[in-house]
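Before we start, here is the structure in question, set down as structure tokens.
For reference, chains read A, B, C and D in written order, and residue numbers begin at 1 within each chain.
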Amino acid sequence: MTKLCSLQEAVNTFVKDGSLLYAAGFTHLIPFSAAHEIIRQEKRNLTVARATPDLIYDMMTAAGCVSKVIFSYMGNPGVGSLRILRSAIEAGELEWEEYSHFGMISRLQAGAAGLPFMPMNQTAATSLEQVNHNIRRMTDPFTNKEVIVVPPLNPDVAIIHVQRADQYGNAQIWGILGEQKEAAFAAQHVIITAEEIVDEKVIRSDPNRTMIPSIIVDAVCLEPFSAHPSYTQGYYDRDNPFYLKWDQISETREEVKQWLHEWVYDLKDRQQYWQKLGEEAHQRLHVKPAFSSPINYGEY
Amino acid sequence: MTKLCSLQEAVNTFVKDGSLLYAAGFTHLIPFSAAHEIIRQEKRNLTVARATPDLIYDMMTAAGCVSKVIFSYMGNPGVGSLRILRSAIEAGELEWEEYSHFGMISRLQAGAAGLPFMPMNQTAATSLEQVNHNIRRMTDPFTNKEVIVVPPLNPDVAIIHVQRADQYGNAQIWGILGEQKEAAFAAQHVIITAEEIVDEKVIRSDPNRTMIPSIIVDAVCLEPFSAHPSYTQGYYDRDNPFYLKWDQISETREEVKQWLHEWVYDLKDRQQYWQKLGEEAHQRLHVKPAFSSPINYGEY
Amino acid sequence: MDYTKSELMTVNAARLLRDGDVVFVGVGLPNLACNLARRTHAPNLVMIYEAGVIGARPARLPLSIGDPTLVSGATAVCSMYDIFSFYLQRGNVDVGFLGGAQIDRFGNINATVIGDYDHPKTRLPGSGGSMEIAGWANRCYIMTPHQKRRFPEKVDFITSAGFLSNRAEREKTGVRGKGPLGVVTNLCILEPDEKGELSLAALHPGATVEQVKENTGWPLKVFDHLRQTEPPTSDELRILRQELDPDGIYIK
Amino acid sequence: MDYTKSELMTVNAARLLRDGDVVFVGVGLPNLACNLARRTHAPNLVMIYEAGVIGARPARLPLSIGDPTLVSGATAVCSMYDIFSFYLQRGNVDVGFLGGAQIDRFGNINATVIGDYDHPKTRLPGSGGSMEIAGWANRCYIMTPHQKRRFPEKVDFITSAGFLSNRAEREKTGVRGKGPLGVVTNLCILEPDEKGELSLAALHPGATVEQVKENTGWPLKVFDHLRQTEPPTSDELRILRQELDPDGIYIK
């Protein structure tokens, strides 16, 4: 029961107009190639959730895919603003729903655990709670203290980029783990994009490394370099100059439009994108290997 | 700031008469050598918590260390009863507090997360809730459905056996993870026993494998074969014949007393215990290596 | 063909599994049943253990729920908190196997205590994972030898919920799982009727209705279309005896 | 000796850290301050990042909160849920660094919005991890340039709590953290008085009380024993310029 398919097919099957989408990855393993495919397929009225919308949701919003964003930090990491999302909100053109990081992740944790809410301790800051009615209070029956609670977040689709997966969708991730596991378990459908599709034996040689099991996965797509301009630990570096460049591109609608044509609409897939990036970028983003010290599971 | 010390010193410093102890490990990595040291040091009135009391708490109870047990499954895994605990409860000689596995682990999760309670969905079975007032109900403010809640469990001391740790207490575990991480974060003090003390570089070569960080650890003890008659994945096998044998030994107080003398009181430490076990046992419990497929973190 | 009671129960339990099922396995007979199903009609069965092991392919017979052979070669390992929350509570488990000292008329299980809870006559091991498995696995099956003392009208303590006092009462609690769909014994298969009352649905070869009634603690209903189970095939017995439990530890 | 405003702030922030502190680090100046402290008086500083990295030893200057250089050579990596619950909420974090567009008289921080929340004049990035860091880290420090618009009497939106309207109001909520213990600017260090009101505690070399008052949006109290900070040493500046930020990305 292989779940291998093209990303085009996976997006076409599982991402619908109006879907609630979680393209996971906290600064690491951001599934840009899936976002580009969604833009190419002209999906509309998506609600897009991410702790950090990052450039990926800025691009999708610019392309007209997004009607609502759910987030906890809306910045261009290490650079400044996400100009497109920010101006859409300031202009009243976009719905939004906002949490702290922990509130956002607690919603995913509740969603992944099948719970109707997750508790959090009070922080003393109450402004957000006053403007977001999904942030409520209840009384702990043991101490009578008030706690904050948030409801589950259950995306229609989670897209998760990983270092390696087998054809069944058993997926392994290392480096920053972010909210990948929680987003996958919380979602109704899961699309995995992977740097490498490996033999089942490789996965089974290190079961503790598997974050996402086959049983919750709908589609597995071989997508090397999917995370550029973010990165994949051990595979390639973060393209910081592009994060800076996007700050300029996103200053004018015209430049954004042109960029989307050149780098998304006019390309077929990530392979073409990576080739177009060129040898200089490949060299610059290349990383020298540093392997983990092996461990012994034993033959039992 | 090394935290290396002898197990004798660690137990002497952190385990007090009356302590609430969590000797962690779900069937795997059970810290038997620490239990034997506690028996040798004649600690008294301990409250001992474990999902599965296993032989480790049967032995401690037989030795007179225990006044209360908190558990979720009180059996000799794969064999039958824990005769000593069972008869102590039937005779009204021992306090106990009981949960389902998920209730027990949810208490640790709350304790580790610094939360005043953890919610669980209803199971329709209510008998346990009627006899344990730590299992309560509250109403989810989003759906108005009732959920079950349990309070945090915060042991005074958690003892965790691991495959490898550095001298600072950064500890890595693979194979069955049980509730090791939750018990460690929930506890006030953490004692690590390790099959191997490795250079910090080994730990830092694979940070995703680290379950317990130095900052919550009080003592690190080099204790090879600490988990016998349970096992350490990749290091040695479970000694099933001993689990069967304990079923016989624990039939009479006299035999238990004799066993405790021969295998605990009359020995200085785990090294003597392992030598006394003898070559036949060493051979029988030996496992052939099966290494994990290496991963690349990259040199950034 | 000759077979033991345990072999009979194991073969019949195995046949209840469907290809692709995600099943929460215990050790002993349920483990044999799952491994038998995987080697016959359900090659894509995914076995999950409460210790946090997913997709186990044990190379030898596991002798405890945490046997290292469950981990080597598995597809994933996670914490116990995750296995009960992200897998079971979230609804990712299709089938759970249960057992217990007592099973009552409405499929409720007692694995906790005989007599008064605070002053137990017999103290049993307790819930372990079974309270949540009984509530949340989509389908549950019970395996137990058929003896009158194991099938009382009403259990002393409900460790794991069947249909409580009737199907409606269970449904009112809003639990995800559909409850016990079958009890496989060495004589027969019991299944719940429309009210959730365990009733005789199928007889194993050689067993009689009278024999089952005599060994059941309540006036047992018999379904109109009483079925007859097929005897274990030589292939099923060969796999059990030669591959899964060559030392006859569980199927003796 | 010459130094930039950023260097001055970074050096003074670094000096607030104690050896052995577990510190929740952001990128930019807080990251430089922590790495500087680790290379001077606090070799056992443990750096934690909200992405889930513990004990990072970045070999190069991290340019984002999730830079891969934070992971290679770290002691541990965990999920975001774990870093906020098992580490921060549990009380395992000694120090948090905060910043924001506005800091008010009682140390409350606005990083969310200028103007009305539903119809924002300026939409800022929002909380990220800062709401919980401000509540639960045992000690918090704020780094910010000293400008009047950044120090209003009262913030439009409390993204992260300082002392609310006074120290007692914060304490009543039962939060673990002691609140902002110091605000390091390019002119001075502000510290809360007994009521939690930010007051002038120390002047950097060359700065005057008048200059600080002019750049603060409320009538600023001056502590009786006004301190003077030591200028950055040549050793501190060398480490910053040659080892930590050789391209002058943050200390320019």
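Following the convention adopted for this analysis, a residue touches a chain if its C-beta (ideal position, glycine included) is under 8 Å from a C-beta of that chain, and two chains touch if they have at least 3 such contacts.
Source: prediction; values computed, not measured.
By the document's definition of touch, common neighbours of chain B and chain C comprise A. Distance between Cα centroids is largest for the pairing of chain A with C.
For this pair, chain C with chain D, the centres built from the Cα atoms lie 57 Å apart.
Measuring from the averaged C-alpha position of chain A to that of chain C gives a distance of 40 Å.
Each chain gets a centre from the mean of its Cα atoms; for chain A and chain D, those two points are 28 Å apart. With touch defined as above, residues shared between interfaces to two or more other chains in chain D number as follows: 53, 67-68, 71-72, 77, 85, 89, 176. Each of the following residues of chain B touches two or more other chains: 114-115, 120-121, 145, 174-175, 177, 181, 208, 233, 237, 287, 290, 297-300. Chain pairs that touch one another, listed by label: A-B, A-C, A-D, B-C, B-D. Residues of chain C that touch chain B in their complex: 27-28, 50-53, 63-68, 70-72, 77-81, 84-85, 88-89, 108, 112, 117-123, 125-132, 134-136, 157-161, 164, 170, 173-176.
Of all residues in chain A, only 1, 112-115, 168, 170, 181, 185, 200, 203-204, 207-208, 210, 213-216, 297-300 touch chain C in the complex they form. Interface of chain A with chain D (complex): residues 26-28, 51-52, 71-75, 77-78, 81, 86, 89-90, 92, 98-103, 105-106, 108-109, 120-128, 131, 145, 174-179, 181-182, 230-231, 233, 237-238, 240, 243, 287, 290.
Those residues of chain B lying in contact with chain A across their complex are 114-121, 136, 138, 140-143, 145, 147, 149, 151, 163, 172, 174-175, 177, 198, 202, 205-206, 208-209, 233-235, 237, 287-300. The touching residues of chain D, counted against chain B in their complex, run 20, 22, 44, 46, 53-55, 57, 59-60, 67-69, 71-77, 85-86, 89-92, 176.
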